[in-house]
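Handing you this structure, nothing more for now.
Labels A, B, C and D are assigned to the chains in the order they are written; within every chain, residues are numbered from 1.
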């Protein structure tokens, strides 16, 4: 399966899929689509990435953020320091190999994604309760946003579904591919 | 009266704690309780003797008719007094008998509970609260009989007693419920006023049968008598208590209590007389065959109980009188003899008749007690036993059979009395048995009190017992004017002659006891057909068959389980469809076939072909792919019939399933062929049945479906206007029925959790990540 | 508190609790604290809910503020609230037990969130007023059971879970199909709406109702383990650790019976002439076979597992008799059984903590070593066997009385015999585990699992807690009996239920 | 097609059940998946099938106009499909673990610890 073309294609397709899935998510209220479908599409993007590269690489590229930082030197001005930090974490990433650079890895675990999704979905419903109405009573913003349509708590709910589905599939696939 | 019960229960519960803190002195509070209760009940005496019943009502669960309604009339008071009086002595006796036992606290717990339950039983006016106490006595006697829990014998006997009386208890429950339904009342007093209804109700016979089964098991009547001799495994104070005034007398009490309600129809009288007669005879005959002192006593108890039941069965005034007096007398002497036996057992380490001689020289007081009790048992003037026996004969004069039964028991009692009162303690000529230790005060004092009580009641028969017994008799006969006059001396009547004859014959039997015991061994094979053996056979048989049955049913084959379920489902549904015969209009359907588009037909055949292929293939990969194909086809159908969201979801999920399979493929079992041989056709048959059924249901429902639903219209109307979405399915998912979706994503989350722990938590790998 | 909030909190508290657990995935200790708080909060809400329901009979909230037959209704009546109350009590007990009675690895691998989500599922089932939503909550319950049963992955667990999954998967299939049939025939999913529809004699699809009811009878019958459908239960319940099996054994089958009672009093009433005798036969066989199975076992947990089946028969019996008293008996019996069964499982766990076995042949002598435990067991066991005045007796009495009044003599006879055999197998455990001296060929005393006194006491705590509740509803049975009678009245006279649910048709 | 679809679903049910009754682990899981697919299609078929018109309100209207497919069964179906997926994937993993632990693909060999004994 691992032909070079496919592998390369997947590498570029994955972000595209992600964007597409988010589009599907928001479109869902008016056209076919929605949180499930969006979440599944988004996760399938990663699934293929995992199939092509292995889960470790996928985690590396998409689910963790390494933040480099360094103690502030005496002679550096605050602006200089900030600049260094920003540059070290963006275009100069690969040069941070000197020992005075420390790094910290932030990892988005699928479980957290799941929890966050579930939390978002539930909490979007709880807003109804907070307003003294029944659970999940919809609350809509007046303005309409192009492409997406109107925004409201059901949209949030759908986003929660999206995150949960994605987290669930990723968790499955990561767990299994490590076997 | 409620407080008496409550205090009893509280005292019982704290007994183990008291034992822990006070050591052997725990006996003080424990014996004090029944004593105080005795005094308490004595205070009711004037009122009850005056003919007034003391009543108390406490609401408990009126919804099911159970209230704590207490009613202390003559009968109840007799029992209450006996129970508390004996209770005091037994508690005290136990402190000597079980001295130093680490579980003494538990013993007192059970015994006090037992006593309290008995008290509650005899005081209850509400039939269900009586039942509650009834069951409590069963349970607490179970714990008491099995007190020496380390001995297998003890455990088995306790279990037997529990199961037999438990069986009776359930029958009784049924009987009582029937009674309460037929009378529309839950109290004995209510039953009495509704007597006419009860007698005419269709429930009368079942109620009588069930209630009597309950009483018979409790009172050790034939054929349920076998548990009582086995219950000897209990410590002797318990046996004494059980046999004299509690437990077995509970059945007698209840029969007597119900007698005014249920007596009348022949079935009542004849059942009681027959069962009582058989029991009395059987007990008497068996008592003579045993050489274990406790066993002898146990069988005479059975015999005595049989006599009492017979008397209630006769049901005349003299019979009731006889029953009451005999019961009191029996309680006193039987209690004494048991306690003495316990003392002998304790001091010599044996209860075997052939090993006990001339104990009187060591144990004067015990011997004295035994002799006094034996005289009462033999029915010698001026003991109360004499009066009892006279009355028994008088009551059974009406029928020769009854008289013979009574005589037989009487003769046995005389023989047994001689054994206890003379043979064991005083007979000269043999080497005396050596004691292991001397009997302490607690061991001989209580029996002595009881024995003297027997004498005193006989001498003072006018003073104390008569008025009380009269009230008891009135309660049984439900006749406030029934008179009971007791006197020691009746003059020279035929009955007196019978008494003397009994004494003579009894002596003769005593003389031939050795021969009888010798002969008894030849009767052993007969016991194989006795109820005890029967019980054990049933017990073992039940266990054996239960095991075999469950092994057969729950055989561990998943496919069998699935098959049973499917059979049940299909059978039920086929039956209902056959019964209701909802028809399907096929002409219309055939007409509809024109509307089929070609591509639909192609997909349809594709699925069918894929399924057939799936049945034959032996490759894992192929079957996964084919399965995916079926899934995609389903998605196609969803698209074709206006469900794009479902279709997309189905497509994606099918893809994911395939991916999961692929990820795990090399870990999945290879596809070696496992044939089912003969079973195959069975499986095909049930699958086909199921498939056809589901098809039929679908066609049927399709035909009958509502053309449009309220929900559809409402969602169509409000989806955009109120829920701001044009895709109705999505709006339903996230808004109208968002709660479903919430549940559904929870399922997904849990599935992921489960899979994670399933794969990672692996005992073979030490359960580490 | 508004009823909107009060009805939601039983769902939200476990859910948020589980979310917090997911966040603290690595810190098992924190999870334990959070779950404890969640249990207390859950219990408190349910007590409040109970109070409100007692005052107002039926509480309703419309999810999403959509009017009644269209949106999903959450509705609490006395029956549902009672179920939840019992579930909350055993929730606390099982939680306390798991602190010491469950190994750390299992706790670290999601025991706590699963526990909470299971409770959420139970809340959903007991509160929902919608047919499909009921199915969804059952699935939540079910997947939690799957995960819990297999948690730890020992051989026995895997095998048991496999059977459990397969058979319950079929059950879900039936249920889903049944929901489809119901919607197609009646065009409604709301239980109250359906209830009104099936009570219109002129409805064209009324004859097909009994066909639809078969799907639910079999589906929920599997979940509640009634007679020909119970095989998954003995196959799986004995395998996981006690902290898991106690919870599942105590709750899940009863929730199934709850649903059966609910549906067969609310909706499937058109064919009672056929269904009730059928249910009577099923309940008789369920009782008998369960108890026979229990009598044949020689393993503490297996005896208890088979007894679940037998007692399900009792609960079904009330439904089969179908008088107010009978259904009240069932309700009482369910509540009683949830508590007692859990307690017995917990006791088996306490015994096994020390002796490391559940086999009756190897156990013995606990009476002398742990007299308190012996007492606890005895009271619970007698309660299960229905000895008066413990809690089991009241249910038994109500059922027997109702049965005799209604003329179901055989059924009552069977139930009384079963009660005797129950007593038999409970005292068998008592005889073998507690009274019998410890067999010599097993581990000698000094090799017993080292259990510190403190830990042992902590293990006793939940057992004592449950027993206090059991004794309370036994000795002071009146409140619960009254509630059961009210619950039964609510079930048989649905006017209040339907009126309250459908009152807000014009909500938006 | 209204007549043919039930036939197809019936076949699907039959084949699914036949596989579930098999003693081969892998076939059991295949059976479960087919059964769940069949149940979903059952729901779909029973819910009434409408050719073409999906339940989406067109841009220029504010309420749905007949004919449009009943959205309720679809929504239920979608929920059921996803739930089914969760359970299916659990079942697949379970089967894999069973196979790994027992080293056997034959269900009959699993019953060494017989549950009734």
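Brief remarks follow.
The rule is simple: a residue touches a chain if its C-beta (ideal position, glycine included) is under 8 Å from a C-beta of that chain, and two chains touch if they have at least 3 such contacts.
Just so it is clear, the model here is predicted, and its values are computed rather than measured.
The chain pair with more C-beta contacts between its two chains, of A-D and B-D, is B-D. A separation of 31 Å divides the Cα centre of subunit A from that of subunit D.
Centres computed as Cα averages put subunit B at a distance of 49 Å from subunit D.
Distance between chain centres (mean CA atoms), subunit A to subunit C: 40 Å. If each chain is reduced to the centroid of its CA atoms, subunit A and subunit B end up 65 Å from each other. The residues of subunit A that reach two or more other chains are 30-32, 36, 111, 114-115, 118, 122, 135-136, 138, 165, 168, 172, 176, listed in rising order.
Shown for subunit B are the residues in touch with two or more other chains, namely 550-551, 553-554, 556, 558, 562, 644-645, 649, 653, 656, 660, 664, 667, 694, 701-702, 705, 708-709, 711-712, 715, 726-727, 733, 735-741, 744, 746-752, 754-756, 758-760, 762.
Multi-chain contact residues of subunit D, defined as those touching 2 or more other chains: 20, 28, 38, 40, 42, 46, 48, 54, 56, 72, 76, 78-79, 82-83, 86-87, 89-90, 93-95, 97, 101, 107, 111, 115-116.
If the chains shown are joined wherever they touch, the resulting network links each chain directly to all the rest. Interface residues of subunit A, counted against subunit C in their complex, comprise 109, 111-112, 114-115, 118-119, 122, 126, 128-129, 132-138.
Partner subunit D is touched in their complex by these residues of subunit B: 550-551, 553-559, 562-563, 566, 589-590, 592-593, 595-597, 600-601, 604, 607-608, 611, 614-615, 620, 623, 627, 630-631, 634, 637-638, 640-646, 649-650, 653, 656-657, 660-661, 664, 667-672, 674, 676, 683-684, 686-688, 690-692, 694-695, 698-699, 701-702, 705, 708-709, 711-712, 715-717, 719-721, 726-729, 732-733, 736-737, 740-741, 744, 747-748, 750-752, 754-755, 758-759, 762, 764.
Interface of subunit D with subunit B (complex): residues 1-15, 17-18, 20-26, 28, 30, 33-34, 37-38, 40-42, 44-46, 48-59, 61-65, 68-72, 74-79, 81-83, 85-90, 92-97, 99-101, 104-108, 111, 114-117. Those residues of subunit C whose C-beta lies close enough to touch subunit D in the complex are 132, 135-136, 139, 142-143, 146-147, 150, 153, 155-156, 158-162, 165-166, 169-170, 172-173, 176-177, 179-181, 183-184, 189, 234-236, 238, 293, 296-297, 302. Residue ranges on subunit D touching subunit C, taken from their complex, read 20, 28, 32, 35-36, 38-40, 42-43, 46-48, 72-73, 76, 79-80, 83, 86-87, 90-91, 94-95, 97-98, 101-102, 107, 110-111, 113, 115-116.
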